[in-house]
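Pasting the structures in now, so scroll down.
Next come two complexes, and both contain subunit A; in the first it sits with subunit B, in the second with subunit C.
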Partner chain A sequence: MTEWIQACDAEDVEQEDVIRFDHAGRTFAIYRSPDDDYFATDGLCTHEKVHLADGLVMDEIIECPKHNGRFNYKTGAARGAPVCVDLKTYPVKVEAGKIFLQLG
Partner chain B sequence: MSDGIVIIGAGECGGRAALALRDLGFDGPVTLVGDEPHLPYERPPLSKDAMTSDAPALKAITSDEILAERSIRHLSSVQAVAIDRAAHAVRLSDGSALPYDKLLLTTGSLPRKLSMPGLGARCVYLRTFNDALAIRPHLRPGNSIAIVGGGFIGLELAAAARKLGAAVTVIEAQPRILMRGVPAEIAEIIHEAHVAEGVNILCGEGIAAIADDGAEVCFTLAGGQDIVADLAVIGIGAVPVIGLAAEAGLTIDNGIAVDAELRTSDPDIFAAGDCCSFPLAIYGGRRVRLEAWRNAQEQGALAARNMLGAEESHVAVPWFWSDQYDLSLHIAGLSDEGRTVVRRDLGNGTFILFHLAEDGRLVAASGIGPGNAVARDIRLAEMLIAKHARPDPLALASIDVRLKNLLAA
Partner chain C sequence: MIENIANTLSGMQVFDIFQSMTLGLMEPRSHLGEAMMNATVAADDYRPTKRDYSLIGRDARRAVEIGLSAAEWYHTDVPRKQMKELMKRDDGPAIRDTMIWLGVLIQSGAGGALLWGSWWCVPFFLVYGVLYGSSTDSRWHECGHGTAFKTQWMNDVVYQIACFMIMRNPVTWRWSHTRHHTDTVIVGRDPEIAVMRPPDLVRLVLNFFGILDAWQAMIDMVRNASGRLSAAERTFIPEMEQYKAIRVARIWLVIYLATIALAVYLGSLLPLMLIGLPRLYGAWHHVMTGLLQHGGLADNVTDHRLNSRTVLMNPVSRFIYWNMNYHVEHHMFPMVPYHALPKLHELIKHDLPAPTPSILAGYREMIPAFLRQLRNEDYFIKRELPPTAQPYREEFHAEGKTTAE
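Let's look at the complex of A and B:
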């Protein structure tokens, strides 16, 4: 069984935005969609290891701040050059205003 | 198309174009011709990460397996020597000829040569992976490096050389570094960062004489000072590679002239990336030539679509960035189109300058800060520029106003 890790307050992430979350030597990105659902992925772009939390969230897409590689943060799917490797996603739950991630 | 598509120049732009043709379902022959011995690769890391790593690695944008699987024929270490437009064929340096239905020129740019006597083995340029491999061993403690030209390549290389412990002097003829395309306020931050890291920057200094004996090189400056270095890297700009196009009689205008659809004066020949000049609709059709990674990538893909009949115009806003030490500079648009500047301070020395035209239209944005602190806002600014937005200057200046909200307005 993988445990749930408390990451941040739900209010720490603005709507249609992303923040960085570091845990146990790893880095993650936590997203809040325009319709207020929360998602989590690995924090670094699969192309050049750039922190995605500095990138722009538009609808369900996160765009890498350096090379404009795009991913669907809900599924992790890479959306064209220069990225070709999908992003790993993690289950998220919200309880009492706190965000929890299940890290595999 | 029975003879298919030939692409001359196997860099980012040509490589992306070849892959895009297959993504678009084109099933005719695709031949990619490059004069380097490598697969198409990314050049931006050459003055950055690739230079500071112990063993510089080539960052290829594809692989031999992918090229084979997608039936893209890649000819390396070979030059295109002539285009026979009447016969629709390209003659190569190995004596063979390649017939084409459509031809794409992605010949890129080459470093502008310093035309002075005295240059020798210790004066080099940085453009290719092999250039980077040749420079890398010189960047070490105890060595001194002279960099001629305070532009992006020179400054990124200066940062890399300092990181590796070499002494660095930058010689810039202009009154300040980054004269072209970077506002003075931002150039000043970068200048200070280099000085803090121990780089000796000499601006407004012409070179009177060069003496290169193959072991070290000495620059005598117009003011009389001698700068002696183990290696000099010349970074004084780039010139488009237009020889092949010019000899074939194609129109040249600060690069191979193309229309908004990237078509040259010959309807069966297209050009894209660093080698071409094109009209930029967002600035009233102003003809520009861009030496930027994203432009190469986007134009490669656009040329692929248009060679297959899409008739789509290039409408992207110019955008680029540069990393030096922990600072990153991001610029969207052409700041010389602006008449007034609005500054947005994000704290910790991080700021963005918004460049507005006389009519209030946002035409460019330049930002600097640690890491990618300005990246998101510059990306939003780029979208505002593309929309021809006239944002309220007070809103731009206030960090309490999210730029994303301006975009929705």
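Let's look at the complex of A and C:
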């Protein structure tokens, strides 16, 4: 069963940036693209479990702060060494200025 | 996990554990608690034993078992807004520096080739050698991190060129450097420890001329080209990437064989003076700066302020070295491009040991430490923090030497 979880205010995430969101013992990363669209992925890098929210967002890429591994945060696709495993992504919606994540 | 250990044991017990680890007294255990209980007992039974730097050896297993590998490392607090500014990528500085680098490289190489046979070629080859055999160390490094250029293909192109010149397989060394950042100077885990304890001084001196490194690189290249990876390489290169290491080694082997064939055909050393040998006669600068990164400092700690050294340098060396003299800063925040490291240094220097004021000062500190490590391999240089810094955990430094001494 899937449910929508309220995560934060849309304004909490700066344009072309990412924040961390913890819920029920899990950690997620919420992104705001340069076009003001919102996305969400698992919060930890698939390489060595580092928080991606400390990384750098460039266009549709999140770069991990530990070894500069890159993912496309829109699709979760790993974009080369040292990350080899894709990130899990989650549907996001914005309602009345609030961000909701649909967690599987 | 290291934090958890510290919370549950007294400072002395924790010191015992780290001393035991570095002395090689703890036997591998499958259970962390059991290993820690044995550590205190083992420390009473002091006897110096060699560190095991093998990536598949005793200390490697131990580091994983006690959580020293892939541990949480100390970071200075930097507000996100400022960190984002510092991490920002820009093609401009790296394009400018690469044009200067390649421009001078080509001109000095051409000058050396034209004047080949007279002593006038010497200064040209001195410049060419450093740009070929030393500048490529930092270009390999920065482009490997993907931070030098904003545009990724530019990082990739310069990375491949630099790897060829510095004789580092681009696949193997990308993964070894990843491990170096996960487990910086953790014995048995870090494949890039330049000065192992006790130091092999003959090896260090020979490597100023690239002799052992280049020889080893050739052996690795031939082995990889024959389709084989060493057991150590297999510990850090994922299986799906291994074929790439083999493919590159084959291409390089063809280039070197062609260069040797040309030298034989011409009856001249000149082709090898331009390809291959500069890795020897131009290596001295990257070895000189590289040894300063961690030489003589602590091992098996999880705070880069203790095991890395920031050294203030002249602008020419900083150009060759692409600001890697800000080494504590780089390890703490590998996302910050080389051109922003001086700014990062200004921002966090209140939390770091004072930078070593020059290359010479670095060697004045390091050489006596190496000599002392010949007698006592557990000796290391203790870094002093300014009063404005967050303290580090003293148990790491119970046996050290303060830089103020």
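Annotations
Definition applied: the second predicted complex is superposed on the first by the 103 of 104 C-alpha atoms of A that agree within 3 Å, B and C clash if a C-alpha of one lies under 4 Å from a C-alpha of the other, contacts with A are read in each partner's own complex, and residues count from 1 in each chain.
Heads up, the rule we're going with is that a contact is a pair of C-beta atoms (placed from the backbone, for glycine too) under 8 Å apart; a residue touches a chain by one contact, two chains touch by 3 or more.
Treat the numbers as computed from the prediction; the structure is a model and nothing was measured.
After superposition onto subunit A, the partners subunit B and subunit C occupy overlapping space and clash. Residue contacts after overlaying the shared chain place A:H51 against subunit B, while subunit C stays out of touching range. By the document's definition of touching, both partners, subunit B and subunit C, reach A:P65.
After overlaying the two complexes on the shared chain, residue contacts for A:P82 are found with subunit B and with subunit C alike. Judged by the document's definition of touching, subunit A residues 54-56, 63, 65-68, 81-82 lie at the interface with subunit B and also at the interface with subunit C.
Only residues 16, 50-51, 54-56, 63, 65-68, 81-82 of subunit A touch subunit B when the two sit together in their complex. Taken together, the subunit B residues at the contact with subunit A in this complex read 16, 19, 42, 61, 293-294, 297, 301, 321, 371-373, 375-376, 379-380, 404. Against subunit A, the residues of subunit C that register as touching in their complex are 70, 83-84, 87-89, 145-147, 150, 171, 174-175, 178, 181-182, 238, 240-241, 333-335. Of all residues in subunit A, only 17, 48, 54-56, 58, 63, 65-68, 70, 81-82, 84 touch subunit C in the complex they form.
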